[in-house]
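Here's the structure we're looking at; comments come further down.
Just so it is clear, A, B, C and D label the chains in written order, and each chain counts residues from 1 on its own.
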């Protein structure tokens, strides 16, 4: 199962070269992840942090940029669960513009399940794993 | 007494209009404030937050922009303590470029001394007031 | 006539004090302004810049913060045209959270109509003024 | 030859988890790159863009995060030229904190030399290649 969220490139996302400042894409990906938790997993990410004290810091990321984005572009970011480990999750983010089949920007990151009080790695709790399992990309 | 810190306008600070995205100036001002604490007051702002549990959230801000800034511009931000109240401090930030007497951007904000555990207003502690007093602009 | 746009406070909008980093509100206001152009004025702001070569840099801003915002908060930003001058527009931005009548953050800025090629002030074109007029707050 | 630049983690760089928001590291890397051009290559990056109309957009990036950074941390970012191609450069960024031999964050990106008017790939000009050559990591 795949999930897409819609975003608009904003005036302030542009850099001196006139295209989206590439660190902004990592912010876009995080926003897409927050939406994925809310809409696809029916989990409130803020609550996960505050009440369950569970976080998902990034330990590795990779991104390929094949075409730039400009001010006014509207994008769909497809979020995929590429791999579901015991303590880690590998995510993919595919950034599409209207009318194009190939993603312009293709990112992935590995996040580790962390106890936010001890800042130690922990096994992904079963209730969370159960919701993630049907989302794992085949 | 006045204090100045030096900053460079960065590639990613620019917006679609080709000038510094104006919300970035508020970030510049905060960076200047952090430097002011470190260099002029000899107070480590991170420590103030973590160990003393004292913060200074902004309750009011005003900024005048007379000329824009461009990528590559180097600026001096002058930090002034305009008013030292019982619980609040009014700061001024004057942004100068080399060779100009008038500030291009002139900001000010009012911050309130806050207990970071209760999130309640508190009197500025004497040890902090003592360091701020000689800095109050005349 | 008033116009509201909906935004979510994002994970990355939070600062060391655990609340929205105040420069982010100025970014929120700009996003709200972009949405206002698109939805209320039926003007594509990116096109205004690129094709009409018209921009609206900020020359003055003021903001009052009465209560902070936290991660997970959802907000409505009401955009008002406070004053429509020959070359300048004064905007207001009222940030509401659900169930509250008073805005938590109340901003305003003055923007100047600028020819983006000459970077010189210009009169707001009639076609644009005509769309703004019904939106002026009474 | 290696080159290091010094940066401070800022109040506004922190996210809801209390550590540096990971997209900020990509911004740090770009700042380090700008400093590398200025200090190590004696090339003004703003001028390269404006006068020479040469830019270096990122087409690929990878980053490993082994330990987080906190507010108040001071870092050295080591910039290395890993590979100097005909049209592309592979950079490395190693983020060190005081007293540690292993980098906490280790990034790399591939940038392509671009004609900023045509937005087309171009060969790295000889005068620029000559300055980069002695910096290639062995």
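Operating definition for what follows: contacts are C-beta pairs under 8 Å (C-beta built on N, C-alpha and C of every residue); 3 or more make two chains touch, one makes a residue touch a chain.
If you're wondering where the values come from, they're calculated on a predicted model, not measured in any experiment.
Here the chain-to-chain distance from subunit A to subunit C, counted in touching steps, is 1.
Farthest chain from subunit C, judged by C-alpha centroids: D. A count of C-beta contacts for the chain pairs C-D and B-C puts B-C on top. The centroid of the Cα atoms in subunit C and the matching centroid in subunit D are 34 Å apart. Centre-to-centre separation between subunit B and subunit D, using Cα means, comes to 28 Å. Taking each chain's centre as the mean of its C-alpha atoms, subunit B lies 24 Å from subunit C. Within subunit D, the positions touching two or more other chains are listed as 11-12, 16-17, 21, 23, 27, 30, 46, 49, 71. In terms of inter-chain touching, the protein chains here all touch one another pairwise.
On the subunit A side of its complex with subunit B, the touching residues are 11-12, 14-18, 21, 23, 71.
The touching residues of subunit A, when paired with subunit D in their complex, are 16-17, 19, 21-24, 26-27, 30, 46, 49, 55, 57-66, 68, 116, 119.
Across the complex, subunit C meets subunit A through its residues 8, 10-12, 27, 30-31, 34, 44-47, 49-50, 70-72.
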